[in-house]
Each structure stands twice: as C-alpha cells, then as structure tokens.
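Both complexes shown next keep chain A, but they swap its partner, so chain B is in the first and chain C is in the second.
Now for the complex of A and B:
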C-alpha cells in the first residue's frame, strides 16, 4: 500500500534493467523489493518500481526481454541515469545479446549514464552464491554443507567475470567514454542470484548511491528552467501587493 | 450485444444510450460511422451520410440503476457522397467540425446546417484533432491539427465561427496516419513509428517503431502533455511530451480499436471485449464482452462506445462502490490503491473519511485472515475506534459501555468464534494480538475518551490468558471497572489481582479479606508465591489502622518474625492519626514475645526513641533471655554468646535504661561479669567495674577497653582519672594473687599519654627498675616537653597579635580632632562651650549629652567610640 502512494510521486531519476529474456531482470527486482524469489511470468512491455532512497524517488524500469518489445527499449532508456545490463551466467548467448541488441538502446540515455554489468543466476554456477550474502555471519558454518551437497549439481559457467569486465570496457568504448574517467570495471560488474539474494542488495544499493549526484545535477539545471506548479514554492516571494 | 462482465472489479457498467431503431428505423444496412458527445448532446454520423442529433438524459431507476433516455432532436443528410468520418463539437462556437470525404466542414450545432466557410479549404484530410491545451490566447476559436493524404506535413489551424484558418504547416518526417495535440506537442503516428514533435521549437523525438500495415495506430491525449499509444505486442504505452514513459504500460489484446482514459482506468476496445486496466497498478480490472464494437471515445470524462448499430455509455460506478466490491473480494491492496489514487478527485475532508474507513475495513479483512501486523498497521492509520475490535470478543466490553458498532459495519464478523469458525487456536492468537494491540493503544493517546472500556477489556483478556501483564496493569494507573471486572477475575481465580483491584478502588478491607483467604488456603491462586509476606507489607503501609489491628493477630499467629513487620516496617508518618502509638503496640505484643523483642529493637535501635521505658524493657528482655539460656543446660555456646552480645551492646550504648534494676537482675550471676562491669560503669562506679574486670574476670584487655569506653563521653582529665584507677586496681596489693605488675607496666607503656606522670610516679613501688618503664617515661618527658614548647609558641603568637592590634588601633585613630567655639555639634548643631566632647565614627565631634541621647535612642548601642575624646582646641 505504501508503494501505491509512492506511485503517484514523481520519480527523480531512472534506472533501467536491460537484457535478454529469461536472464532474470524481473526476479532481481522482485528479490530486492519483496525480499523473495518467486516464479515470474515473462514481462509484458515493461514494469516499474519506485524506490524511496533517502529523500529521493528512484524509478527502476524492468523491461521486457522479448524481441517483440525490443522497439520500446530506447524509449525506456530515454533520460536514464543508469543502465543495468543483465546476462545469465549459464548462457553465453545472453551475454552476446547485450552487445548485439541492447547496447544500442542506451543511445537515448543520459550522456553521463552509469553502466553496470550483471551476471545473474550465479547460484547455478558458483557454490558461494548459494548463501544470500557473502559477508553474512552464519554463512561459514552453512557453506561446507552446501558445498558438498550442491557442487555436483553446479552447471558450467559460460560467462566469467573476466568476460563481464571486458564487456564493460567495450561498453565504455561504444559510448566514447574514457575508461580512466569512469567508474572502474571491478566495482561495476556484479554476479548475483535473484534466487538466493546473493549480491542483489549490493547491486541495487550501489546503483542508488551512484545516481544521487545525477539527481542533484538535474535539480540544479532544472531549477532555473522549470516551474513546478504542484510543488509548494519555497523560493523567495515578495509579499507586496499590487502598486506597492 | 454485450453479454456480461467478468467480475474482478466492477468499475464500469455498460448502459445503452441510443438503440438501433432510433438510428436506422427499418433500414438494415445503416451503420454508425462516428460519434461526438458534448454535454447532453450526442451526435452520431451514419454511413448513409446523415448526422443525428440526440438529447441524452441520465435517469436513475427505482432500483438505483442508471439508464439513459435519448430523444432524437434532428437528423440531417450532409449531401456528400461519403458518410462523415469524424465529428468534433466546438461548443463555444456552436459549431460541429465534420470530416467528410477528405473535407472539413463546419455545421451549426443546433440546426445541423452547414456554415458557409471562408478561409483556406483543406482537401484530402485524413484525420484531425483539436488542441485541448491551446497555445493561442484567442477566446472564440478552436485550435486543431490536420493531416492530409499524401502529404508529409501537419497543418495547424484555428477554427472560427465561420471559417477555418491555417496558421502554419509543420513538416513531418513521414505522412501521419493519426495524431494528437497538446500545446505545442504533436504526437504523431507515422507509418512505421511514433514521434513527438514540438512544432514551436521544431524538436522531434522518435518514440518507438510499430507497423501500420499490421495494426491501426492509436494516439490519444490523456492529460497534460501525456499521451497513450498502441504499441507492438498489444501494449498501451504512456508517454509524456519529453518522450519518456512515466507509467508502466498496460497489456491489451493485439487488435485494439480504440482506447480512452477515465481516471484511474484505461479502457480499451477490441473486436469482442471492452477491457479496463488500472493506471495505478497496470492490472486488468474488468472485462466486458462487447461484440461488433468499433468506436470507443471519451468526451469530457464520459466514455462512449458504439457498435455499428447502437451507442452505449460506459458509466463508471461510484468509487466507493468499486472499493467496496474490491474489499468484498478481499482485495485489500487494490482497494487501498484505488482509494489513494482517487485522492485528487475527492474533496479533502471527504477523502479523509473515506480513506479512514477503507483502512479500517482493510484492517478487519486482514485481521480475519490473521495477518495481524498488516491489520495493525491499517487500524493504526485508519484511527480505528479500538472498541470495534474489542467487541469481537463477547463480554469484553463492560456492561456500562456506551459503545455500539459502526454502521454500516466495518466487517462481517459476529465475534471471534464466527471469524475463526470455532478454531480455538486461532481464537487464542486473535486474543494475543488483541492484548498486544490494546497495550499499544493504552500507551498512546488514542484510547482517550474510553479508557474504561479499553482497560477493562485488557484486564479480562489478561485474566483469561493468565498473562503477567495483569498485575502490571493493576499496579499502574488504570481505569478498570471494578463491578465488571470482579466476576471475571473470580471466574479465572485471579484473587490476588482482584485484591489489587479492590485496593486500587480504595476497598482495602475487601482486598485483605480475599488475600487472607488465599493465604489460609480457602481460595486457590498461585499468582503470588509470597502472598503472606505481601499482605504483611501491605498492612505495614495500610492507612486504615482498624484494618491493621484486625489482621495483626492473624499475621502474628502465622509468623511472629514476619508478622511484626506490620509494625516495624511502617513508614513514619507525620499525621498523628495514622501513626501507631508504640505503647499500644508494645502492650498488644505482650503475648507474642518474639515479636515484642523485634519491635522493641526496632523502636530502640532503629528509630532510636529516647524513652527510658522502651530501653529498660528491651534490656530486661535481653537479660531474661540470657539468664534463661544460662540456666538452661541445653543452650549452645553460640546462642548464649549472641544473646549476651546483644545485651552487652545495649547496656553499653544506651544511657536510658534503669541501671539499678538491671544490676539487681544480674547481681547474682557469676557468669555475667562483663555485663555487671558495664552496669557499674554506667553508675560511674569505675572502681567496682574495674575490680570485676581485673580480678574476677581477669581480663586486662577488657579492662582497658572498658577504660576507653567509659571515658569516651567524658573529657580528657576524667579519662586519665579512669586509667589511673585501673592502674591502682592493678597495683592493689590487698587482693588474692597480689598486684598485677605485668599488666600495670603494660598499661603504662602503652597508654603513656593519658597518664599524669607525677601522679603515677607517686603510686609506683620503689623497687621497679627504670628500664622497665622506659617507654612510659620517655613518653611522659616528651609529652611534657611538647606541652611546654607548644605553650611557648602560643604565647609568642598571642603577643604578636596583640602588638599588631595595637598598631592598627593607633593607625585608625588618625589625626587630631579639632573642637572650637565656632564649630557645631553634628547632632544638635549648637556650638561647643567646653572641650569635653565625644567623637562619632569618622571623627565627628558631638556633645557628650547628645551622644548619650543618641545612644539611648539607637538600637545598637555599641557604635559610639568613647575613647576618642580630645582636649585639643
């Protein structure tokens, strides 16, 4: 219910999740917002969620990965402050698609858009991703048991972290950005699991913190050009009546 | 034509407006081409080239159903080959803008007669739209955008009463298939994509691709700078003038024909259904079966749709009804979303009432599903009268409560049993929730006005559950109703708590009666393990003395040691009436000897009452006890020594008891020498005392202690005296065993400072050697020297002080004081005739008699300094 009231608020900034179908974009968002993992149906068109982050409203757009809705992608990306490019660690194809199909959609995003490369479904390939948070206590004792239990059922990891880091470099190159001036690849490539919650909070919260400067920048630029009739004006207002 | 709606939310109702017969009469091939609705006026264009004008009146039937009656006012053939394809009313101009056969015509709204129109003729027009957010300031004109066939441009025009005027031509990247206008923003459906074009600035923004071959585009202005577009995959996309989507899309079917917005819903029409999606959560809310539909448009909030044969109005159900329907389906979140989404459409005060009620209802639904934390949140936000919740538990509300449940009811439950269908485990969890919720309510201010109801209900719940909070509640400030709570507490055997409640209501007698019965085992209540102790403590602070006396006997009989606390723990009160008289208590305690001793100890040793009677009484009781133990052979050493210690302590420390009486009691005992010595000491018969200690008890340490004790109250001189006596007793040759030389030497050497050395030397036998007494003598000499030196220093200091004062005095006297015949007295102002005068402080000479008079009249008679007389002239 609290969310529904938020929906009426105007978002300050936009983050967009992009990636092939079935990589788990909706599940990632769902894990973060609802704290659980459930079966989701293929996203139709797109959905969005408003997150209150301190004094800011951040909208996170979950886009449809299906080819059918591909045309909408660049509209969703318009004015985005951050884009999360998501692939499935067990699918090389989903990684290839990011560059082939999705990267060009980000042309409409802000010039200073921040990129994150996220490999989801890490629980299928890495035993350490089978516990929700790597720093959490209690994980030490739980891990050996899980390790022995699940290591046999692990799938082959098709996309490694090095691949993600390389992609990040190419993304910056595509955007014509200087790698040295941008956030380092090491901190912008994540391996997550929506199923176990591994790294999910870290991912979103890192992104939120990173887009705050962009909100402030937008506000500073916007202040002079736009008058928001609905927001109560806090500016100086002379009380003098007419002819005064 | 329409069959029925699938019930999810009933947001709209499809109501026929114009029947087929009214349009076509007998003719079967007549079909609806376009419609326009403006207030009560409905215009319908048909495929036979007619425009029909109806007056549409809303009626409510007796059953509360809405219906429309339409009255045909006029119909007119336009006289063109083709039927009209679009109608738009410009009510301010009383003109109907008609698109027919690629031409835009102006028709009088009333007569339907074409108006001779001047200005530029627009030909090959495919589509036009009116600007609801016009940019020109002209009042009597309508802004419109027109797209024409085979032209990559849009014409911006103004429509006046008698003409259409082209303002400008805006080039477009491709030929527009459909368009919508808001301010300067043109939202265009081009053959392969949608674009937003600002014709003021020329800026254009591609939105997204689609295929016009595959499907008819939809471009619909839905509000200020916001459009709704049909997107591939059957999506309804929202887009604002910046080309950004700020709402998630809704999912339509692939072949949507028309769409409209009626906040908070998006309504769409396809070949067989009308679908209703919420803009708040993008969910499909209602589906109405509707075949052969081909037009869906909204006119000033009224959604009208038409099949080829007839016209219908999609009437939104009252919001409250929709919300209630959702709640009836237990769809709490949706109901709240809808309520909150409607906030801006409802006046603030009305909204608040509605919102509160919906929150409360939502809370009850969740309560019914045992989702307590969610329910609590909603109750709290909805400011629920907590008694609504209490009333779910039968009998919890006091009989005197004026509460009646809200009407219409907030929920469907009769009581908890009904709610849980008799599942006792669930009933218990509901009650546990209720307890925690009531506690929170009590802690906040929200129970104001019905505290009695809340507190009594909480008490009952606690009692029933055996909750420890019961005692806490009763011990703190509360408003529990006694009459209502008492039977409940009895029923659950909470007698201790009932007593507390009686006490809280000032009925201590009833409280005590209950507790005593519990202690005696007549009633069963294990709440308080040490209830007897509790009762005793209660009596000790009980303000009603009659009750104290009434239950004191019972308590003392049960346990003297604890029982006496009734008297000993009693706080000292300043009010005489609430004070127990110790004499009375002592008389009363005669028959309880142990308690009596404890009480006297309290009075004498703790409260330190300085009354001979109590001291003597206690001393006698101690002495009796010691004597009894002495005579009893079975008594252990420990018992005796502790009894003697008590006695000795009292004898030593108290100065009030009657010494002779006790001496008489102890005189005969050969064992109690120490006590006897002390008593002699009290009589200042130090000789006897020391004799007993030295010669009978033969305890020189005790003797020295005695000296210290006996002289503690006296000055040094006397002290020396007593030590001297001890020395004498030591050296007394007339006792069996002879003088106790060793002890004497020891005494002298260790207490050299207290003795007067010359007197000691007189006493000592000649035969004693000097080294034997060396420490004593050294000490004595040193002390003597020290005294001499000290007094010399004191003398010197005194002299110095004296000299100093003398010096000061001379300094202060100052110079001579002049007295002459010309000078006047400061008091009487007469001149001096004699040299005798008195000086006031500050050297002012006055007559002696004046000074005397002043001295008599002044309150402080020390001011005048007589010394300052002077004979100088």
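Now for the complex of A and C:
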C-alpha cells in the first residue's frame, strides 16, 4: 500500500465508501489495507488510497460521515465506478441515513456505477462473525445468523440482511436501473466486521473484480474526462466498438 | 452540579467587558522583583530583595497553601487573600462584584457534605487523553482533574466536556448557563469565579458558551486564551457563519450532531495546550536546520504550485520546517500562529490516515472565520510518518491538481535526499548554548525581518533532566505559565521578573524586541543570571538562521485570488 501510493500512478477507476459517521468506513479500509483493526479518530473530509489490483490502479475514497463534510461528497463521488454504502448493523439510524443523506451524493457517479450495501460491526450481533477469517470465506458465511440473540454478549441486531437487500432494490430504482440487468442483491449485500476481519477481504476483492470491466470499457472508449498529457502508454486507444 | 461543590468560597466577579479583572495576592507581590525600566540591567539590584526565597513560589503551585480559615460548611466565604486585595484595588469596581450565595448553598446541600479536597495538580498522568466520555462524573477522581473545559450552547445544551460524557453533565452545564443568564439579566457579563482552589472562567462566543474550571493557578487571561483555542478549533471544523446560522434557525440545536467524532480533536488540543508552550506564547516552533537546507526545501515548495494554492507547509516531528505562501494572501492577512496550531493539532489527530492522502475543508478562524480552505494532507515518509505535507487551496475541486504538486515535491525531495536530512534534524540541547546552570529557555523574537508578513516564532531547547519526566515537564511549564501570567498582567504589566523557586530560578524578560523566559539551577545569583542571558542572546543571534524561518518564501498562483 505504502509503495503503491509512493509511485502515484494515475488511478484507473474509483470506488467510494459512503455512510453515516461511526459506522466504521475507515476501519473497514484500514482492516483491508493494513490487515489490522485500529480505533480510528473520526475522519475529516475524505482520504484517498490507491490499490494495485493486478495491472490496474484502483483509487478508494474514504469519506467523512459527519454532516459538515457533506459539501465535498459530490466531488468524492464524481466519476465513481462503484459506491460502497455502509451502515452499522446495530444502528437503524445509520441505515436510514444512507437513503436520506448519502444516496443523492451518488448522482455524480458513473451511470453504470456498481452499488454494494455493507452492514459493518457484524461481530457485535452475530457470533459467527466474531471469529476472524482473514483468508476470506465464501458467500455461504454471509448467511444471516437468526439466533444471534441467544448469546448474551451480543447486541440486538437492528438492521437485518433483508433490509439491506430491500435498500439495494431501492437504490437501483433511484438510479433508474433495471434490477434484472444489474448484479443480484444477494451478492451485493455484505455483512462485515472490521474488528475481526470477517468478510472484509471478500467485500473489497469482489468490488475490485467487478470494477475491472468498467476500466476496460473506459479504456476502449478512450473517454477520459481529464486531459492526460503524460501517459500515452497507459492504453492503446483502440476506437473499436464498445462491448457491453 | 458537581463542579459547584468544588468552590468552597465562591466569589463571582462580574464585570463589564473591557474592565480588567486583576487579582494580585500579597505573596505574588513579594515573590517578584520588578524593574520598571529595563534599559540598565544592574538596576535590578534596586528592587526589593526577597527574604523568603522559596516558600511563596512553591505555594503558588500547591493548592493546599490556601488559608485554613475557610469554613467548609458555609457557602459564603470569601477567600481573604484574593477578595480583600481585590476590593482594595482601586481600579476595581465594587458594583461589579457580588456573591451568588444561593446557588452555591444549593449545591452544597445537594452534595450533603463539602469535603475539602486534597489534590495535587500533578497527581494525574496528563496524557490519559483518550476515552473520557465514560468517566463517572460523580467520582472524586473526576473532580480532581486539573482543568475541565465545557462547551455549551446558549440554550444550555451540552456540546463538549473534556472529561465525562456530556449527557451525564447536562445538569452541571445547566447551572453554568443559569449563572451566565442570571448575570446577563442584570445587563452584565460573567467573566470569572474565584475560589480558593479553582478558577472558573466564562467566555461567550456567539451562540456558544465556553467554561474552564481549573486548579492550575493560571491567569484568567491565559485560561481565556485557551478557551478561545477550543472555540476556534470548533470553528475550524464548522465555520463561524454556519454555527451562527444553525442556532439562528434552531435555538436548541444539538451541535454534537455535527461535532460527533471530533471530541478527540478537542481532547488532543487541550493536551497540547497543557504541554506545548507554543500556545502560551502564540508563536510557532521551527525545527532547527541549516538555513541553506531550509532554503532548498522552500524552493521545492515554491516550484510545486497549481492555481488557487495558497499555503504550502512542510512539517516534521510536529514542528515547522518551512512554509510558502501565496503573495496576494500575505499582503492581505498573514497566517496567524493560532491557525497553524489548530492545523497541527488536526494533523496529529488524523494519524489513522498515514498511508493515504486527505482532502478536507478546513476553516482558519483567525484568517477568516466564515470560509473554508481545502486542505490536502499527506505524509511523505510512510510508514514512519514524521514528515507531513500540508497544501491549502481555495478550490474544492483541486484535489488531483494538488496531489500532483505533492508528487512533484516528493520527487524533488527524493532527488536531494531531503528526507534523510530531515530525519537527522532534531531539536537542540541547552548545553549547546554553553552557559552553565542554564537549564531551559524560551525565546520569542519580534525583530525578525519582514516581521509583519510572517509568522511569530519562538525557539526552545529540548526539556532535559531534571525536566524529563511528564510531571517535571508540567511543573516547569506551570512555572513558565505563572511568570508569563504575571509579566503580562494587563493591570500591571511587568518587564522583568526574577523568581527564585525551591528547585530552580526563573528569569523572564520582555522588551520591544523579544520575549525571553529562562530557567536556571536554584543557586545562581542575580548578576550571574543576567550575564548568562547576555551570553544566551548572543548565541541565539549567532544561530538565528538555523533556529528560525528568516525569509518565508512566497509564490504567485492566482492573478486574482478569491478567498473562500
């Protein structure tokens, strides 16, 4: 991570993390990039990270959830290929805020932007999320644990997976996208724990894989909104017909 | 209402704003030697010779020295040493002073008993910063904190408390607001409350009320300054205009909704205020490096510019390396040290982001309290993260352009191997001055060329033994704060203080050209100390190119810059 930012290659594609304050956006990213959980201080503004994913450079914008930084939200989202909407599974309010405050920020994102709905802090509500699985398990692990209330140490889960799936539907509707043509809700709703690492790698790596086609598409179309004087080598600007 | 209990003898001094509220105890008068005219140093001998060399100054730091005649069960007791002096002071308005007995008595009854608190100001580890929000506010330990700071809205809604959660303190803050509005209803302004152990300072800034309750024996002016820093840090995140707008719109708005998560930034600020003399001196501390090296760093910053870039600041180990500024901007208004302190505090608090790049709106309250700059923050040496680049732009869309500036700066620094040189740079030891018995000093010059257009700076060596523990550091800083408070006493400003304490001797000197605070071993003589200062001044003069940013670099990025 450190090395990749040092080179500062031009990012090919942009992913933005959005969500109310204190849902753990920074912690999620930190868990993924640094492989550890850290009690972070509230983010100011937004922070920019560059991730080398195969031959591509993926930039990730971690944003501040606090209201007063809203002004920059649309700048962070401009031209985003994917948006990760994050809520806290123990806070219904954080889920409501996604629709109320954050969804409108994605207006400046790409038209074919990919959405993921992520419920963080799953370790507080689901016992199976408490075990660390840094290797990244398959999707079957993401099955919601219905018996989460049985253990006394667990908090009440306020937002269930069904709610996330319902939100995903509403997001697509808001963006005017056809549900059938988009990725299925089941694979785009995640429950994660930045604290234990549960599902974190799965989340980010799924997203990276999903945005690669959009990089290729962008290169093929040669549609670069900013003039790039320096890097003629980054892609053969084949004006061939676009796929997809 | 817990904090009220701490005031064994509340004396509410309520004055019209603008009136000076000064209290000088007789101890203080004895413990200093004043010289009205500083031109001829030897005249210091003319001053009163102190007989009791050590005791009074020691007492200043010890809350237990207070008069024992205070009756613990009676709320209305004047602290003789302070009140009597106050009323004797003919500069003082009698009408402006009265006692709010009922409030205090009410508190005492509620508490049942009023135990005299035995607290050492140094009993706490000062860097316990982190989560205080879950602290039990009824516990004795909560009351024993050296300095509490509270922020509330005019409607009495809690916004911030340094220790303990705001919810648990809502009734306490209610009492504070009651005091403020009670005095206000008499067309007056509450400024401070003095008790034997605590000083309570009130400050109203627009719709916000800030309160400091401290047992540090600092001057009211110093505490007021610290509150102003807290207010400005809040403004730096929200802007004054938006705070005003929010409260105009809804008087009982819960500002914590906007500040949630920034408590740690305010906690960090208050810790810095306690431990970093920059705040006391309102000056910036530079990392000493060879002037040629500083110039080359400045040139790197000057070359990496983009439209609307206003300030380029390079920081290492929380000290300033160099700062380049947009020409137009400096002509209008200079960057205030206070704003830079707020920025440095913010960077220190954002340590979680050391691998990435931050882009955030930030307001510089002394520069313009109503508008945002956009700050780009990035470390140049991950993962060590000691060298930080801060670029301020007026364009909120300029992230990629400014990030490109960083890339240029990084490249140029790599070419010169600057990071290695910066890593080697460090603060100096007082032994380099070559004056024996000199233990520490703080020197703030006013005669730097082009002074009006640049930052006020100061220089100071590392705190070495015996001031190497947190407690001793704090003790020395408390001594400095004490002499600073007395030398800057607005009612009776002094130019020179020679203060003999139990474990050290302090000499503070303010002229039109500089402000100097020195700390010697306890057994030096006055003439020795004065000689030593002459040597010290000579040394600083010789080293000033290394110790200070002498000629702050400028650049032009915008023919018609708009500051917003």
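Simple rule for what comes next: the second predicted complex is superposed on the first by the 201 of 244 C-alpha atoms of A that agree within 3 Å, B and C clash if a C-alpha of one lies under 4 Å from a C-alpha of the other, contacts with A are read in each partner's own complex, and residues count from 1 in each chain.
Everything that follows uses one rule, which is that a contact is a pair of C-beta atoms (placed from the backbone, for glycine too) under 8 Å apart; a residue touches a chain by one contact, two chains touch by 3 or more.
If you're wondering where the values come from, they're calculated on a predicted model, not measured in any experiment.
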| query | Does chain B (first) or chain C (second) touch A:68, or do both, or does neither? | reply | both
| field | Touching partner for A:220 - first (chain B), second (chain C), both, neither | value | neither
| query | chain A residues in contact: does chain B have more, or chain C? | reply | C
| Touching partner for A:45 - first (chain B), second (chain C), both, neither | both
| message | Quick check for you: in the superposed arrangement, does A:79 touch first (chain B), second (chain C), both or neither? | response | first
| message | Quick check on my understanding: which residues of chain A belong to both its chain B contact set and its chain C contact set? | response | 1, 5, 8, 44-48, 64, 66, 68-69, 71-72, 75
| Given the complex with chain A, which residues does chain B contribute to the contact? | 205-210, 231-233, 235, 237, 239, 242-251, 280-282, 332-333, 336-337, 340-341, 343
| field | In the complex with chain C, residue positions of chain A that touch it | value | 1-2, 5-6, 8, 21-22, 26, 30, 33-34, 38, 40-49, 62, 64-69, 71-72, 75, 226
| field | Residues of chain A defined as touching chain B within the complex | value | 1, 4-5, 7-8, 10-11, 14, 44-48, 59, 61, 64, 66, 68-69, 71-72, 74-76, 78-79
| query | Where on chain C is chain A touching in the complex? | reply | 237-238, 242, 257-262, 264-265, 346, 349-353, 355-362, 372, 374-375, 382-383, 396-397, 399-400, 403, 406-407, 410
